[in-house]
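Report on the structure given below.
In this document, chain identifiers A, B and C correspond to the written order of the chains, with residue numbering beginning at 1 in each.
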Amino acid sequence: MSRLSKGDSGLKSTRESRREGRWFYFFISPWLIGFIAFALIPVLASLYYSFTEYDIIHTPEFIGFGNYNELFHDDLFWNSIKVTLKYTFISVPLTLILSLFFAILINQKIPFRGFLRTAMYFPSMISGVAMALLWFWVFNPQAGLFNYFLSWFGIDTINWFLDEKYAMWALIIMSFWGMGGGMLIFLAGLQGVPQSLLEAAKLDGAGRLRTFWNVTLPLISPVFLFQLIIGLIDSFQVFTQAYTITQGGPNYSTWFYVFNIYINAFKNFRYGYASAMSWILLLAVMAITFVIMKMSNRYVYYEGGRER
Amino acid sequence: MSELMIGQRQTPKRKKIKLDIPRIVGFIILIAVTIAMIMPLWFMLSTSLKTTKEMLAYPPSFIPEHFAWGNFKELFVNSEIKFGQQYKNSVIVAVLTVIGTVFSSSFVAFGFARYRAKLAPFLFMLLLSTLMLPYPAIMIPQFLLFTKLGLHDSLLPLVLPAFFASAYMVFLLKQFFSSLPNELYDAGRIDGCREFRLYWNLTLPLSGPVIATVAIFSFIWSWNDLLAPVLYLDSQENFTLPIGMAAMLSSKFRIAPWNLMMAASLLSVLPVVALFALAQRRFVQGIVLTGIK
Amino acid sequence: MNKKYGRLLLSVTLAFGLVATACSSKDSKNGAGETVTITHYTIDSPDRTFVEKLIPDFEKSHPNIKIKVTKAPYEQFDSKLQSSIAAGNSPDVTSHWGYGGFMEYYNKGMLMDMTPYLGDFSNSDYNIPDDVMNIYKVGDKTYGIPLNSYVTVMLYNKDLFDKAGLPYPPTDYEDKSWTFDKMVEYAKKMTVDSKNLAEAQYGVDFGFGERDQRPQYFNGNVYSDDTWTNGGKPSEINLTKPEVVDAYKKIYGLIWDQKVSPTPAFSKSVSGQFGDPFLSGKIAMSVVGSWSLAASSEFNFKVGVAAVPQGPNEKVRSVLYVDPLFILKDSKHPKEALEWIKYLIGTEIQEKSIELSGGNPPVNQKAAEKYYNNFEGIDPQQIEQVFEGAYKYGFESYNHLISNYSQINELFINELASVENGDKKVEDVLPVIQEKLTKLLGRVNK
């Protein structure tokens, strides 16, 4: 690092590097402490609790694999997995594809480009509870906007969040509304595609689709991957919608995984049981990330391993 | 692009007539979807200004008959809602979170960017791996810990972790700090700068833009968070906005106050929109870098 | 508020200096001398927090006792209770005002056996009927002392009755002409089916008890009788028995066959997730807990009370909700806590509480007279008659008597949602609930 140390004796450079090491630990200490206190210990504690029956009032009682065994036979647990996966596998890919599609449309020389970009992005600023309340109201069966809109096409009242057949679809439609953020990310990726490559493809006589498929897509595949991982991890953790709008219902049709953890821990006071679920979530997230990373080595194009 | 190619082959006159159909169709789709995206926003705005009677009417009106500005006032004067108090709580939590995140994360990032140590690569990997750590996986022990410390129903558990650096932000800042030229530091050292001053007087002032990004996004993150506040906060006067607003759905109003809820939602997104308007470039960059939407 | 903010900053600073023990929020319980502080934990709503106004007088007459009130909204009530116990800040006095009922608290060992402290306490001194006092006894141990007793009543919207030209329903439970069928007949005349929420209106909202108790009105018992004697753990569930199935058919037939009751879509559109659509003025008759009466001064229509009509069950026409006060197991001063409880059930204070709370029904029968007089625009004698009938034909609410009730209730709410929405039939759903409930109870009551 510093030129001065280069010519010095080995002894001195050891001292130098020791000094550097001390500064290193000094500076990273907040994170290190935080990591131990708010990540490492909780993860281990949660592992321990997952083997106990614990209601916070009495001392934890060790029950071995009892919780895991019970989970295995718990319909609600399996249902929460089913619900979460259904949401994930429909909402995440569709949102990705839609945001890519609109990023491509906006990335052209069209009128009002800046305005359209902002207008498309704007809704994603309304997130969390504000968005949940808004869509609860938009999907109101009787006074809401959505059914009114459908009535123009002669479609009869749909009960959306009150109907177990539609509640999940309402949430999925709602998730499309937040695609603006993803669109911006893709837009940045698209703008990073060198114009020269595109022109070269044109000269070779490639059509728009071919160019997209063979040039653009590989170049933005890291962006795609990045969004996919974040999208998956996020959608494994859906909570706000279930808590605010549906309370997991009707008939458990929106009983998301994290909502199930929440109910078991903080409504039924079964912290051990809920901890077992937390651990399964943790493992699932790790596994998914690992698998995607592995797969990506094959399909994702990294331009000379360059970092942004 | 394609229009260039077409232009080269055809006479200028025919170029004007030749229409790029796919692009026009794309444009039309874009306009249609944009309108569809904006409609709920309009509905939100118009509902927030409707009277209770008009809000329930079918078909819904797009422009309120009489602007019920009183809805906004109602939020602050109705003692069952405590909106003002909750707004304040949210601001306190978000501002402290921003301060905590900015200083602790830049501090840590500086360490990772500037010093070598045997374990540094391993620790950095560890840091990156916590990016994937879902909050629900650790919330129970965290909750139990804070509860046993008697910190239940206070804003502290929401703020405290921010002072111990956020992995996302450390990563972001470290990338930036590493890109600063080494010569700068060597010069600083020769000037007799102590290590802490290298961080404080040299690095931080150079990092305005990236720090702005970190600040914006830790603000939004904290502002929208629902799960942690739901776990820790019990009394209405300690609620942050998200729980307070969710509670409006369940409190005992004669008629569900959709107009008030829409007004509350509008006011609650105001700070985010303001940040967007003030720092659009940082904002967009932050989205691209962090993937937080 | 500034103080809190300051404390927060201070704590953060401390914590940043790694002194994260945060002792600052521990309150000083051991004050000077023999003064003890009793914590009274309650729901954050005006009809509960009024107790704060009773404290000064109590403290004057009991100089060695200080009362501190802590509160949480209904949804957070149970979780805050548990967390405070866990943090060693257990309140001394509370009731089952959250989701969980007496049996849940009892089975978790959260309650203190008051018997040793009762001494010469006698419920008759406080005009509490014996059978009411017995609700919160297990064996010969007393775990709770009744404070308020709510019943199921029928509220009706006089304006809608007048508009339809119908006579008001009777208040006398012995008037056997007032039957379920008659109620439906009235309801039909007052229902306006419309897509426009501003115009739509329904005849009756039949909210008798929780979903699992509703069949009782129709002579169907969801749980086996041993439930009431063995600590709230049903040995048998009868959801597939014909009388229970028929009962549910009748209940949900009001929405989908007779079309005189609001759909969930209507109720939730008008009154949100947990609100009561009757308050919107769009429901003619509502069978509901008498706490709704406490809000009667805020109704923007004229309201009347009536007897719950005679149904197939000759004995049960009303659900009783007796709220007791408990002393929690971790209380360090049970004696003083009991003093506070006794103070709250005294005739004078019970009378005072009626007014301050907006109309909480006192358990003290002497104070009840005053209660009946509390509702403007409603004849006191009518209220008295309705309450007396309701006590006579009452059955204690299941949620106080059954163990792990919040989970059971959650199951009923979710599984019956599709029936309430008109998507599924009662006879298809009940066997599913039967199976799931059996499984659930097998799990939690082991």
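Following the convention adopted for this analysis, a contact is a pair of C-beta atoms (placed from the backbone, for glycine too) under 8 Å apart; a residue touches a chain by one contact, two chains touch by 3 or more.
The chain lineup, named per UniProt: A = Sugar ABC transporter permease; B = Carbohydrate ABC transporter permease; C = Sugar ABC transporter substrate-binding protein.
Here the structure is a predicted model, which means the values were calculated and not measured.
Two chain pairs are in question, A-C and B-C; the one with more C-beta pairs in contact is B-C. The most distant chain from chain B is C, comparing centres defined as mean Cα coordinates. Mean C-alpha position of chain A lies 15 Å from that of chain B.
Work out the mean CA point of chain B and of chain C, and you get 40 Å between them. Residues of chain C in contact with at least two other chains: 20, 79, 83, 86, 195, 197, 268-269, 273.
Shared contact sites, meaning residues of chain A that touch two or more other chains, fall at 33, 37, 56, 140, 142-143, 266. Contact of a single residue of chain B with at least two other chains is seen at positions 56-58, 144, 147, 163, 249. Interface residues of chain B facing chain A in the complex, by the touch rule stated above, are 1-3, 5, 22-23, 26-27, 29-31, 33-34, 37-41, 43-44, 47, 55-60, 104-105, 107-108, 110-112, 114-118, 120, 123, 126-127, 130, 132-145, 147, 161, 163-165, 167, 170, 175, 182, 186, 189, 195, 199, 223-227, 230-231, 241-243, 245-246, 249, 258, 261-262, 264-266, 268-269, 272-273, 276, 284, 287-289, 291-293. Of all residues in chain A, only 1-3, 17, 20-21, 23-28, 30-35, 37-39, 41-43, 45-46, 49, 56, 102, 105-106, 108-111, 116, 119-120, 122-138, 140, 142-145, 148-149, 151, 177-178, 180-182, 184-185, 188, 198-199, 202, 208, 226-227, 230, 233, 236-237, 239-240, 243-244, 258, 261-262, 265-266, 271, 274-275, 278-279, 281-282, 285-286, 289, 307-308 touch chain B in the complex they form. Across the interface of their complex, chain C is touched by residues 53, 56-58, 85, 88, 92, 96, 100, 144, 147-156, 159-160, 163, 233-236, 247-257 of chain B. Residues 33, 37, 55-58, 70, 73-75, 140-143, 157, 159, 162-165, 247-252, 255, 263, 266-269 of chain A touch chain C in their complex.
Those residues of chain C that touch chain A in the shared complex are 18, 20, 78-79, 82-83, 85-86, 99, 108-110, 195, 197, 200, 264-266, 268-269, 273, 406-407, 410, 413-415, 417-418, 421, 423, 436, 439, 443.
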